[in-house]
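Please find the structures below.
In the two complexes below, subunit A is the common chain; its partner is subunit B in one and subunit C in the other.
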Partner chain A sequence: MAIKINHLSYVYLQKTPNEVQALHDISFEIPEGKITSIVGHTGSGKSTLIQTLNGLIAPTSGSIEISDFIVTSNLKKLKKIKELRKHVSIVFQFPEYQLFEETVEKDVAFGLRNYGYKDEDAIKKAHEALSKVGIDKSFYKRSPFELSGGEKRRVAIAGIIVLEPDVLILDEPTAGLDPQGSEVILNLIKEFNKQGKTIIIVTHDMNIVLNRSDHVVVLNEGKLAFSGTPSDLFAGDVSSYSIDIPALFSFALLLKEHGVGVDISKIKNVDDLAAQLKGLK
Partner chain B sequence: MNNLTFGRYVPFNTVVHRLDPRNKILMMILLLVSIFFRVSTWSTALILTGFQFLILIGIMLLAHVSFKSLFKSLSMMWILILFLMIIYIFIPNPAYNADHIAFHIGNYAVNYDAFVQAGYIIFRLVMMIMITMILTSTTKPMDLTYALEWYMTPLKIVRFPSHIVAMTLSIALRFIPTLLDETQRIMKAQSSRGVDFNHGGLIRRVRALISLVIPLFVSAISRSEELSNAMEARGYDPYGKRSRYRILSFHFVDLVGFVFVVAIFGAMLTFLILDKKYMNVDFIYWIFHAKPNF
Partner chain C sequence: MKSVEIKDLTYSYNGVDPILKGVSLSLDKGEYVSIVGHNGSGKSTLAKLILGLLPFSKGTIIVNDLELNKKNLQTIRNKVAIVFQNPDNQFIGATVEDDIAFSLENMNMPREEMISKVKEYASKVGMLDYLTKEPSYLSGGQKQRVAIATALVRNPDILILDESTSMLDPNGKSEILSLVRRMKIENPNLTIISITHDIEEAYNSDKIILMHKGEIVLTCKPIELFKNRELINKYNLKVPFVVELKKKLQELGYNVTDKNTLEELGEMIWQSK
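Presenting the complex of A and B:
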């Protein structure tokens, strides 16, 4: 079942001089089992939106439907909030800062133990999750603070996926990583998606939007600016959203301006463009 | 979480906000001291304290200090209030009137005066909180540290590193909101891993707290290292001479405010001296009999 967001609004510090409306009455759907990107400028409400999705903050008005759960302004009504958080998990930006246990395996198992798993079962599952994110066995007994940045992040992600959420939200999962590290994380995300999980990625990287996502949502000053496929987004006018157009699209748009008959809405990668160019006479 | 932010600076533009912070600190000290002047007659004490209380309410209204956050901070204090109550009730005091017995607990007689005494001290405590709240919610933390540094300037003669103290203080203050945000962020991240900070037994809660405190320390230490490197990279020298972007200045309103506070202080002091000199100045008696008993 898709995630339905109905007339969602959120106001920070309501009734104070510092009041900020982060989200203005937004409604859209996030398709199930797909990779959805949420993009927008800094302060556009992306982080607020994802935090309402698993009930970390209660919306000021409006509601969110995620399978059996309905998040409204009154979180107390939602009795199974812990269940919701297991169902919808967030990997925050720079998740390596939330590591704290003595060893890598203990840190990954920590989440499971909060959900009442026994120590041995939790450790066993933690090992599975760690191998999924490509952390070598020799690291399991080491302190997470000894690892490199990319490794720490993979351990932190393992700490979330070990809960086996159906919806996985990642806030800028590649921020601050080198290209290789980013690639590893993005491939991991693709793997989870293949296992049928719904993925939501908050990002500023338009190449992730174009190459890795099935659906894209654009927020602009707390309002919904666009919801659709990445190709449709870049084929339209994006100048007012302060987002970059990927190099491939800039090139295709230039070709089109110069009278080359390419169909931008059908381009997803270099191969599509090459195929179209080959087909031209 | 919002409890932690009580007394935080709220940027309204009122007369109280515009006062010179040095002046505000001095005024606060005078008001605090005057609250603890204690006259020996109950009726006079009550009238004087009530008068101060009304003035404080007036200042709070003038400065747009929220009463809600005052109540919130008071609700955090209930353990202290309870503790005070118990101390006053169970510690015998020869000054209590032996006829004013409220009830007995076993053989121990609980005196009415004990309740009055406890109520009086709690009342003054509340006023103390009101005063400090007025100061902190109308003054930017940076201005407060500048003012403190200004007061510490004379200590330079004895080579007291007033600048370093002020810098340390201002950095500490500057990091409070950052660390609060960080705390909130980590709490959210750990909640995503199923940590429940609000429910569960003691062991669970301590465990939950560990998952918050360790990452908080790690990030605070790495932040402080980054900050000190950044400061050194820009040539910071704690002993160097420096100018200041914001210059504190004393205006006419400051004078008015100061005179007002000094007047209150003076009035309270006069009553105290009269009280000590003539013993038992009864304000009520003055009003209704117009013949002072001295």
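Presenting the complex of A and C:
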């Protein structure tokens, strides 16, 4: 089931002199089983939006429908909030800063214990999750603090994956990683998506939008500016948003404007472009 | 004139496994240098050593013709500023103006001059409207702009950017990069050492230093590195889009030898249709 966002607004510090409206009456749908990117300038409301998606903060007005759950301004009405958070999980920015247990496996198992799993079952599931993110057995009993940045991040992601959410939200999942480390994380995300999970990525990286996403949502000053396919976004007027059109897309657009018969909606990477040019030769 | 000279520098966090192995380099005053390499290659450790934040026992670091030792440490630190990656780890003051002023407090500056400096630099990074705001009211990008103002307000000779734009949005990022460039125009002697994964930024700097497992593999002009297929593959580096496109077009049988920009490559394609 898709995620439906209806007239969602959020105001921080409401009824105080420091009142800030982070989200203004936004409505859109996030398609099920797809990868959706959420982009927008710093302070555009992206983080606020994702926190309302699993009921971490309650909307000031409006609602969010995710399968049987309806998140509204009154979170108390939502009886199964723990269930919702299991169903929709967030990997926050720099999740590795939240590692704290003595060993890698205990850290990953921590969330499951909160849901009432027995120690041994939790550890068993933790091992499965760790193998999914490509962390070798030899790390299981080591301290998470001995790992490299990229490995720590994979352990932190395993701690979320282990809860088996249907919707996985990642806030800047590649920030601070080198190109190789980023590639590993992005391939993991693709793998989770193939297994049927709905993925939401908050990012500033327009290459992730172009190469990896099926759908993109743009927020601008707390308002919905765009919801559609990446190629429709980049082919349109983005000058008023904080968006760098990827060089590949601008180049393909330039070719099209000069009468080269490329189909810009089907170009996600340089190999796609090369294949189309080969066909035209 | 030399800005930074490093000779045979070796450093290890635990005394056993060296994170830097006999690193030597020499940077001229006013150079814009990018240091690239995978996480764990020793880039950030090198930056911390130049600032005198870590004790080292083997090798020498010379900054502004002064050898880095106990005696010169404070003099050198006054001339080297760093902006780290994570905006939350470097905000010291209670408000934006406090944070920028903090950096000036040991300099015996008259109060009026300090206030005007704080305002000048807050305005340069677009944070003038936020002077009295606490960090909890700021986004990560805004905090990072404050960190850059805090670094630059002391008028350093060397500015180290340790992946400091990696958490900013594209607007914030280009704003900061153009601010840094403007600072360089105002002060051509400002040496910039940028540790970055942003290959387009590295491509546009004066010099590029490639590090791998604690050693400097190569120091050259950016174009020289990106032309070198063997190195690119060996160190699994990302290449700027124009370089990548050129390679693909060559494989398709286009003659790309003297084509170096996207416009030239585009023209070649549409003229061949």
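What to note about this one:
Assume the second predicted complex is superposed on the first by the 262 of 281 C-alpha atoms of A that agree within 3 Å, B and C clash if a C-alpha of one lies under 4 Å from a C-alpha of the other, contacts with A are read in each partner's own complex, and residues count from 1 in each chain.
Please note the rule applied: a residue touches a chain if its C-beta (ideal position, glycine included) is under 8 Å from a C-beta of that chain, and two chains touch if they have at least 3 such contacts.
Worth saying up front: this structure is predicted, and the values here are computed from it rather than measured.
When the shared chain is aligned, subunit C comes close enough to touch A:L248, but subunit B does not.
Look at A:Y115: by the touch rule set out above, it reaches subunit B but stays clear of subunit C. Contacts of A:D178 after superposition on the shared chain: subunit C is touched, whereas subunit B is not. Contact with subunit B, but none with subunit C, is seen for A:F145 once the two complexes are overlaid on the shared chain. In the superposition on chain A, A:F226 makes contact with neither subunit B nor subunit C.
In the superposition on chain A, A:M206 makes contact with subunit C only, while subunit B stays out of contact range.
A count of residues in subunit A touched by subunit B and by subunit C gives the higher number to C. In the superposition on chain A, subunit A positions 18 are in contact with subunit B in one complex as well as with subunit C in the other.
Put simply, subunit C touches subunit A in their complex at residues 37-40, 85-86, 137, 139-142, 163, 166-174, 197, 199, 236-238, 241-242, 244-245, 248-249, 251-253, 262, 265-266, 269-270, 273.
Contact residues on subunit A toward subunit B in their complex (touch as defined above): 16-18, 51, 54, 56, 82, 85-86, 89-92, 95, 97-100, 110-112, 114-115, 145, 159-160, 163. Per the touch definition, subunit B reaches subunit A in the complex via residues 10-12, 185-186, 188-196, 210-211, 214-215, 218-219.
Those residues of subunit A whose C-beta lies close enough to touch subunit C in the complex are 18, 40-43, 93-94, 148-150, 172, 175-181, 204, 206, 242-244, 246-248, 250-251, 254-255, 258-260, 270-271, 273-274, 277-278, 280-281.
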